[in-house]
C-alpha cells in the first residue's frame, strides 16, 4: 500500500492521511491485526459521520428547496435561514413518545427500526469516495449493493407486518412486490455495466471510466434511467413512494411508529437515498474522477458533488411529480423495462465482442457505441411504448367541451373499455 | 486461516448462525421463524466471505435472504393467522434423536478423517466461476436454466385460480 | 488458535441437524420448507469449505456446485410454496397431520 | 380458496378524506369489493338549530356548511328567504353577489384541483400553487366583509355592506392575471403524464348513472350533461352575463378535472363582465333584522362550486323558519362513490374521492 501513498497532508485523497497513520501505528509494534482494525474503525466512523451530517444538511436543503418549488419560504425561524431546523427536528423526534400499540409483535416491532439503517450504511463499504478511500473493494461490489438493498425490503416488511395495522400491512406488501420487481431491473442494469467494464469491483468500474475517459452514462443511457427509477422505488421517493403513499395508506409500513423509531426509518430513507445517488455517481458518472480534474481537486469532493447533485434530482422529483399506482409501476417494470433491459444487455455484449474481436481502438469505437446506444435507447423506448399500445396523453382532450345551452347530453364512453 | 480476524469472525458468525437456526426451529410464531432464518442466511453468507467465496456470499444474500425468505413470507401471509404456528408433531423426540445421531456421525467423520488441506484462498472467484459455468459446466448450466423456467411455469400454473 | 476445515464441517453438521430436525418434526408445511432451506445451506457451507481447504486441481468446482444448489433451491422454494398454497386451497389447512389422503 | 375480505377504514382520521369522513373499503388484495361511506362525524344539527333562530341569525350557519364556499352558501339561503318574502335586491347587490359567488367558485375550484392532484400523490406542490390565488381571493373577501373563510356577507335583500374603494383595482388586477395562472395549473395537471394515467378511465360515472343518482355540478357536467343552474334557472345577475358550460364526455376523474379547470376560465370571464357592469346604487333593501315572512314554503337554489346547493324553507309566519333543509351537493354527489370505485384499487378510490370534491361540513350539516 505504502508505495502508492502521497504525503499525509495531500488532501486530494484522505486515504493518504489514514494510510500514514496506519503505518505509524504499525511501526509502534503491536499485533498484526491492529492496523486492519483501526482502519476499519476509521472508515466506519467516517462513513457514519458523513452520512449523518449529510442527512442533517439535506433535511434543511430539501425543506428549503421544496419550499422554493412550492412558492413558499420553507423553514426560516430556527437559526439564520432556518439552518438549525434539522437540529430542532432531531430534538423533537428524540423527545417524542414512542408509542407501542397493543397487539403488535413487540420483538419485531422494536427490532425493525433498530436494524433498518444498517443495509443502507453497509452499501457505502464498497463505494470508493476517492482512490484509496474505500473500505473494501469487494470483487463482487456491483452485486453486493443489490443484495444489501434486497435485505432492506425484508426489514421494511417486518416493520409493516409487526405493526398489526392494515395500512402498514398494505404498505409492507406493496414494498415487497415492488422491490422484487425492481431488483430484477437493478440487476440487469448493473449487469450491462459489468459486461462493459469486465469487472464487478466498484474501484474497477471507476478505473475503467477513468482509463477510457468516458462516463458509462453515455454508453448505457437506458440502464441509467432504469437504475434511477429502481433506486427511487427502493427508497420510496415520489413518483414511486407507493409503499408509504401518504394520501392512500397514511404512512404505509411506518404508520404506527413514533418518536425516534419513526426517525430511524426517516434516517434510513435518507441514507439509502445517498447510497443510491452514490452508486449512480460511482457506476455511471465516473465516481471520484472528473476527466483529469481530480489531479487538482480532491476526488472525494468531486464524488460528493456528484452524489449531492443526483440527490437534488430526487428532491426535485418529489416537489414535482404525483405518484404512480402500484399496478402501473409493476407493469412498467415487467412489460416495459424488462424486455428493453434484456435487449440492452445483448447489444452491450455484441459491442464488447466486436470491440475485442476486431481489436479496435477505444477512441474510435466508444463514441460510435455511445451514439448507437443513445439512438437505440430512444428508438427502443418510443417503439416499445407504441407496441405496448401507449399513445401517451397526446390523444387526451386538453379542454372540456364548451356548450352554451343547458340540457344536452354529450356522454361518450371511453374507447376500448379503459376503465 | 489462523489470523485473529478470521478466528474472531468465525466464532461470531458461528454463534449468529447456529443461534438463529436454533431460533428458527424453536420459536412458536412462523413469521419470527422466517426472520430467524434470514439471520441464518446472512450468517452463512458471512461464512462464504470467510471461505473467500464472495460471489457466493452475495448470491446467498440476494437469493436466499432477498428472494426465498420473501417468498416464504408471502406464503405465510396468504394463510390465515391460525396456521402460523411452528409446532412439532408427535415425532419431535425421535426426530431430535435422529438429528443428533446424524450430527454425531458427521462430526466424528469430519474430525477423524485426515483431509488433504491447503491454505490457499481464492483471489477473484466471480470471473472464474463465470468462465467455468460457460465452459466446463455449460450443460448443467443450461439444464439449471431450463429447470428454473420449468419451475416458474409450474409455480404459476399451480397457483392459478381455476 | 486457528480455524480449519473441521470447524466448518462440524458447523455445517449442526446446521444440517437442525434442518433435519425441522423437516422431520414440524407440523406446518412452511416450517418444513424452512428446515429444507437450512439443509441446503448446511450443504453449501460444506461445499464452499471443501473448495477452500482441500487440495485439488479444480478447486472452484465446489463453488460452482453451490451456485447450482442455490438455483435448485430457488426453484424448489417456488414450487414447494406453490404446492403449499394449493394444498391450503384444496384442504383448508397446511398442517401435515391433516394432509393424509394417501394414508390408509 | 376461502379468503375473507380485508376491511380497511379510510378515515375518519386520514390524510385524504378532507375532514372527518369514513370510507369503509372491503378489499381483495388491493381491489375494492365494496365501498361503504359512513357520514355523521361532523354533524352539528344545523337544520334543527336553525328552527330556533331568526332568519337573519341563520346566515352564519350557511357559512359553516360548505366552509370552502361560504359566499355561495349565504347566497342560496338569502335567495330562498327573498323568494319567501317576494323581494328583489337592488341591482348593485345582484352584481356584487355574482362577483362574490364567482370569486368563491375560483377559490373553491382551485382548492379542489389542488387537493385532487394531491390525492393523486403529488407532494403538496399543486395545492400550494392553488393557494396562492386562493389567498388573493380571500384577501378580497376580507376587504369586503372582514372575514376570510366564514364570510357572512350576503343579507336578506342584498349584501351586508358595500365593497371598499380599494376592492375594484385589486379585483381587476386579479382577473387580469388569472388566465395566465390557469394556464399554469393546466400545465401542472394536464401536462403531467402521471396525472393523466391516474385519472383517465378511473371512476367512470355514465350520464345515466349521474342523472339517476341526482349528481350535480362539475360531476354531472363531467359525465357529459350540460346542466348549470346559472343558465337553467338564473339568479342574481347571471342572466345578464355571457358564459359557456364546460362538459366532459367520459365521466371519469380526468373529465371532472377538465371541467373544473375550464370553469375557472368561465368564472374569470364572468368576473370580467361583472366588474365592468357593476352599477352604482344601494347594496341592500335595509330590511329589518327580525323579519316574519308570510306563511308558505320556498326553495332557493344556486350553482355552488360543488353542484346544486338548495335551501328549502317553510315559514309558519313566525320569526324563525318552521323547517330548514339544506340540499347539500357534497352528500348527494358522494352517494355515487360506490358505483364509481368498486373494482378499482385503494389508490384509485382516493383519486375518485378527490374528484368528487366533498366538503365534510356540508356532508354532515
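In order of appearance the chains are A, B, C and D, and numbering begins at 1 in each one.
The rule is short, and it goes like this: a residue touches a chain if its C-beta (ideal position, glycine included) is under 8 Å from a C-beta of that chain, and two chains touch if they have at least 3 such contacts.
This structure is a prediction, so every number in the text was calculated from the model and none was measured.
Engineer: Chain with the smallest distance from its CA centroid to the overall CA centroid?
Structural biologist: It is chain A that sits nearest the middle.
Engineer: Would you mind telling me which chain pair, A-B or A-D, is linked by more contacting C-beta pairs?
Structural biologist: Ranking A-B and A-D by C-beta contacts puts A-D first.
Engineer: For chain A and chain B, what's the span in angstrom between their mean Cα positions?
Structural biologist: From the centre of chain A to the centre of chain B is 29 Å.
Engineer: When the centre of a chain is set as the mean of its C-alpha atoms, what distance in Å lies between chain B and chain D?
Structural biologist: About 62 Å, centre to centre.
Engineer: For chain C and chain D, what's the span in angstrom between their mean Cα positions?
Structural biologist: 64
Engineer: When the centre of a chain is set as the mean of its C-alpha atoms, what distance in Å lies between chain A and chain D?
Structural biologist: 43
Engineer: Check each residue of chain B and list the ones that touch at least two other chains.
Structural biologist: 55, 59, 67, 74, 125
Engineer: Please list all residues of chain D that touch 2 or more other chains.
Structural biologist: Residues 1 of chain D each touch two or more of the other chains.
Engineer: Where does chain A touch two or more other chains at once, residue-wise?
Structural biologist: Residue numbers touching two or more other chains: none in chain A.
Engineer: Name, in rising order, each residue of chain D that touches chain A in their complex.
Structural biologist: 6-9, 14-16, 30, 117-125, 128-129, 132, 186, 190, 192-198, 200-202, 204, 206-208, 221, 223-228, 231-232, 244-252, 254-255, 258-259, 261-262, 343, 345-348, 350
Engineer: What residues on chain A touch chain D, complex-wise?
Structural biologist: Those residues of chain A that touch chain D are 66, 69-72, 166-167, 170, 238-239, 241-242, 245-250, 318-328, 392-393, 396-414, 418-419.
Engineer: Any idea which chain B residues touch chain A in the complex?
Structural biologist: Interface residues on the chain B side: 3-5, 29, 31-32, 35, 38, 42, 54-55, 57-59, 61-62, 65-67, 69-70, 73-74, 77, 123-126.
Engineer: Enumerate the contact residues on chain B facing chain C in the complex.
Structural biologist: 1-2, 6-7, 10, 14, 17-18, 21-22, 24-25, 30, 33-34, 37, 40-41, 44, 47-48, 50-53, 55-56, 59-60, 63-64, 67-68, 71-72, 74-76, 78-79, 83-89, 91-92, 94-96, 98-100, 102-103, 106-107, 110-111, 115-118, 120-122, 125, 128-129, 132-133, 136-137, 140, 144, 147-148, 150-152, 154-156, 158-159
Engineer: Residue numbers of chain C touching chain B in their complex, please.
Structural biologist: Spelled out, the residues of chain C in touch with chain B are 1-11, 13-22, 24-28, 30-31, 33-35, 37-38, 41, 44-45, 48-49, 51-55, 58-61, 63-64, 66-68, 70-79, 81-86, 88, 93-97.
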